[in-house]
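Got some structures for you, see below.
Shared between the two complexes below is subunit A, which has subunit B as its partner in the first and subunit C in the second.
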Partner chain A sequence: MSFTSAAFILFAVLTLLIYYTVPKRGQWIVLLISSFLFYLSAGGWYLPFILVTILSTWLCALGIRRRDRLDEDYLAAHKADMTKEERKAFKNNAKKKKRPYLVGGLVFNFAILGVLKYTGFVLSGVNDLLAIFGSKGVTVPSLILPLGISYYIFRSTAYLIDVYWGKTEAEGNIAKYALFISFFPAVLQGPISRHKDLAPQFFTPHNAEWSNLSEGGLRVLWGFFKKVVIADTAMIAVKAIVASPDTMTGMYVLLLIILYSAVIYGDFTGGIDVTIGLARMMGLRLAENFDHPFASRSTQEYWNRWHITMGSYFTDYVFNPLSISAPMKKLSKWSKDKLGRGVGMRLPVYLATLITWFLTGLWHGASWNFIVWGLLNGAVILISRELSPLYAKFHKKFPSLKDRAAYGGFCAVRTFFLMGTIRILDCYRDVPVTFMAFGSVFYDFASWGDLAGGKLLQSLGLELWQCIAIALGTLVVFLVSHRSKTRPVLTEISERPWLFACSCAVLILVILIFGCYGIGFDAGDFIYQTQF
Partner chain B sequence: MNEIIDILTELHDDVDFTTETGLVENGILNSLDIVAIISEIDDRFDVQIPAEEILPENFDSAEALWALVQRLDEA
Partner chain C sequence: MKRTYIIRAWALSVALLLTVAILICATLILQPKYVSASPEGSLTEEYYASVKETNHDVLFIGDCEVYESFVPAILWQEYGISSYVRGGAQQLVWHSYYMLEDALRYETPKTVVFNVLALKYGEPQKEAYNRLALDGMAWSKTKLDAIHASKTDEESLASYIWPLLRYHSRWKELTSEDFRYAFADKPTVSHSGYLMQTDIVPYEYQEGQKPRPLADYTLPQTAMDYLDRMRSLCEEKGIELILIKAPTDSIFYHWYDEWDEQITAYAEKHRLSYYNFIPLADEIGIDMTTDTYDAGVHLNVYGAEKMTRYFGKILTENHSAPDRRGDTALAAVWDARLAAYEAEKTAAAHP
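Right after this comes the complex of A and B.
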């Protein structure tokens, strides 16, 4: 059931009606039933997998809670008789005792994700190697990949780690926990909300407040607009360019960088707008996943503003523990002694950065394209960090430049193209084709002739009105995004009844007239909903 | 507290750590610095800062960092 389908809209409206009709204490049960119906609609075979994840992480978290309570009770009774060293030793020992629950839950669930998502990739790699030596390859099984598995496994493992760290309370009621994991607007593409932030909201009563309904509803429409008017229309041209990597080179690859940025922005932020807007209509506030990413002046800043909840997952649960782990500390000490203080300080952090980005790439998809994508992002961040003393010297020499809008604009455009270039690894069938296509930007100047010759639209498979829709749509999104830096424009609009009504009407009309959907057109699924 | 300021000053001698309260928020400390600080605190105070304590509020000022060390040392 795609977010942009009539079935989903009907499903969401019915859920909202029932949600606000039943007694308040039963609202979360309505959401739980809706979430499982939504998940079932994708296919009955997916259900056992999400249920196994829910059950296993719930049980492990309860195991941690039981150990915590035993140790807290003991400490409360004996604290006065213990020395500081004894208390420290007791706490360390207590951590060790609850660790098997954490490790067991993590290994079990990541093993499920690993087997289902990466078996084909690994075996194909093995077959490629065997083929070099003339051996017969192994059969690559076709395994099912439950929808949203990457997201719900991240949400559940984050919960488990947070319970272990004492950052959230373990949930005693499995049905309540199941809602946190399976909440239908967010189950397929996030945001990866943390348990302590989201779960309590499910179980507090919510009245049908106009401010929530209007702002949430407007945000849902805004998300549909970005998806079906900008992303799906631009996707037609992206598919045309990617389908002919041998002929659509040079200028077309530059166009691809721009167009695919529009696609991924409209698709992903549009999908998240629908998710956050729908949750808001229920009186729930989900974590924001984007903060004007294309205004970023550096790669690091971009990753603090794009897919924020995924970034914070990898920072909190992978990068931080890894960079201060015992092996990294040993590596740091060894390299400080052998290679000097500078290298010793950098080595563990840089290694942890590359490992984290390797895993980020792998999480995005089981292919070399995503692994290279991840490693390139990590490499760019590290190179930028190494160059930071040079930047500092430059800004010392030209102190007024940093605050100039033109310089800020230059940095934002540079970051946009850098990120856009790495991002086209999503598009092409493999890494060599991507690099060859990008390389053609620097030698295939003949392709620029298509701009003057009027062949462009035909090559891209677009009508003129579709180009205008993409351009105007992008301009509107840019203006709204820019204006929202101080206060969200959608909030301002929803506070003025006439403006709200007009905006809804205009958005619906634009979606109906210019959107890519309907008979004869297969509206694309959300990229992040099908890929993960 | 002075020892914490010494550790921080070794990393950035151009910052007044007695008054600065936005070390992470203002981008003065990066992940490289934070790992170095954790390593130094381990060496000098025999206090291990766990991953769950790597939060901006614990590293935003020398005072916050000192409070964290004391809390972890107190156990």
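Right after this comes the complex of A and C.
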């Protein structure tokens, strides 16, 4: 059930109506039933997988809670009899006792993700290797990939780790926990909300408040606008360029960088707007996933503003624990002794950064292009860090430059193109083809002639009105985004009834008439909903 | 507080009304009108006006071969038979079944004549033909069933319920006709379902041209199942079902002997009359140098009139189709239709 389908809209409206009709203590049950119906609509075979994840992480978290309580009770009873050292030793011992629940839950669930998502990729790689030695290779099985598995595994493992760290309470009611994992607006593409932030909201009563319904509803429409008017229209041109990597080179690759940025922004932020908006209509506030990413002046800043919940997952649960892990500390000590202080300081950080970005790439998809994409992002961040003394010198020499809007704009454009260039790995899905295509920007100048010859639209498969729709749509999104830096424009609009009503009317008309959907268009599902 | 509620309610109501009004207008304007371009799309819809005026004793059902081969006005003029053609462009057998079911909601003809060429298709072919056949059908359970049976994977029921979802991008190809007929009645394009073609484009045989051999000549089971359903429906309502194959037989729309044998066997098994007019073309008097408008694929008005006269005789002599010319009220309706038919034919001959 795609977010943009009539079936989903009907489903969401019915859920909302029932949600606000039933007694408030039953609201979460309505959401739970809706979530499972939504998940079932994707295919009955997916259901056992999400149920296994729910059950296993719930049981492991309960195991941790039971151990915690036993240890707390013991400590409370014997606190007076124990020395400080004994208490410390006891706590360390207690941590060790509950660790099997954490490790077991993590290993089991990441194994499910690994087997289902990466078996084909690994075996294909093995076969490629065997082929070099003339061996026949093994059969690559075709495994099903449950919808949203990357997201719900992350959500559930984050919960388990948080319970282990004592950051959130283990949920005793499996049905309530199941809702946290399977909440239908967020199950396919996030945001990856944390249990302590989201779960309590499900179980507090919610009235049908104007502010929630208006702002949420407007945000849903805004999401649809970004998806069907901008992303899906621009996707036509992206597909045309990607389909002919041999002929559509040079200028077309530059266009691809820009257009695919519009596609991924419209598609992903549009999908998240629908998710957050729908949740808001239910009185729930989900974590924001984007914060004006294309205004970022550096790669580091970009990744703090783009797919925020994924970034914080990798930071909190991969990078930080890895950086302070015992092997890293040993490596740091060894490298400081053997290779000098400079290398010794950098090596663990570099290694943790690259491992984190390797895993980020792998999480995005089981193919080399995603791995290279991840590693390139990591490399760019590390190079930027290495160059920071140079930047500092430069800014010391030109102190006034940093605060100038033009310089800020230059940095934002530079970051946009840098990120956009790395992102086209996602378009071609083939590492050598991507590098060759990008290389053509620097030698194929003949393609620029298509700009003047009027061949451009034909080559891109777009009509003039579609180009205008993309350009105007992007401009509107840019203006709204720029204006929202101080206070969200959608909030302001929803507070003024007439403006709100007119905005809704205009958005509905624009989406329905100028949207890229239905027969004749090749509008896809949300990229992040189908890829993960 | 109360004032805020009132303002919100007003704002929402006005915006809602305005949005709905604009969307209704947009839908009416953007829907294809099927008048100058693709007039076949009007055929389904035009039936309802005709059946309001008079019932029909003979109902022709099928694809383009029926609406280009049988002229109800001539059947009336020559034999006093009240008939209607419920045919459509590439009207597949399930379209035809539901056209019949739909017609039976309004009347019960004595005879249903079904052209068998469409039996070669076992699956939906093209969305455009579904729209031509179904856009104009009146809403009923029959239409819902017809949509479910016909729609291709890319189609949705929602786009039939609300055509804006299908035609939203037509704004760039709108013509004056779209605005003219958005809020006003459209002119009738057919004569009781017959779509007049007056051009003459002769069939030219080219040496060595042969129909493409097929890997399997078995008519698809889905198609035969719908034929069976059509037969059962007719039996249930006491209607005689006649199977026919129009006399045209081009290279691209060839009627294979193997198919003919299957239909002959089916007709014999169920005691149905089956007339294959291809071998009778000479006897009918069809001359493919003058009686076709598209090089032998379909008959033009001159060929259709010959075919109609020939078949009218069969209907009268073999199937007891009643002569209703004595019914003055009915005659008045049909005389008007005949006059309109003659007027268009004359206008086309002397433009």
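Methods note: the second predicted complex is superposed on the first by the 529 of 532 C-alpha atoms of A that agree within 3 Å, B and C clash if a C-alpha of one lies under 4 Å from a C-alpha of the other, contacts with A are read in each partner's own complex, and residues count from 1 in each chain.
The criterion applied here is as follows: contacts are C-beta pairs under 8 Å (C-beta built on N, C-alpha and C of every residue); 3 or more make two chains touch, one makes a residue touch a chain.
Just so you know, these numbers come straight off a predicted model, no measurement behind them.
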item: Combined model on subunit A where subunit B meets subunit C, clash or fit; value: fit
item: First (subunit B), second (subunit C), both or neither touched by A:Arg87; value: first
item: Which of subunit B and subunit C A:Ile508 touches, first, second, both or neither; value: second
item: Touching partner for A:Trp465 - first (subunit B), second (subunit C), both, neither; value: second
item: First (subunit B), second (subunit C), both or neither touched by A:Trp165; value: first
item: Partner chain(s) touched by A:Ala6 [first = subunit B, second = subunit C, both, neither]; value: second
item: First (subunit B), second (subunit C), both or neither touched by A:Val349; value: first
item: Following superposition on chain A: angle at subunit A, subunit B versus subunit C, Cα, nearest 10°; value: 170
item: Closest Cα approach, subunit C to subunit B, once both complexes are overlaid on chain A (Å); value: 41
item: Complex contacts: residues of subunit A adjacent to subunit C; value: 5-6, 210, 463, 465, 497-498, 500-502, 504-505, 508-509, 512-515, 517-521
item: Subunit A contact footprint on subunit B (complex, rising order); value: 30-32, 35-36, 38-39, 42, 49-52, 54, 73-75
item: Sites on subunit A touched by subunit B in the complex; value: 84, 87-88, 91, 165-167, 316, 319-321, 323-324, 329, 332, 345-346, 348-349, 353, 385
item: Interfacial residue positions of subunit C with respect to subunit A in the complex; value: 4, 7-8, 10-12, 14-16, 18-19, 22-23, 26, 127, 154-156, 158-159, 164-166, 168-169, 171-172
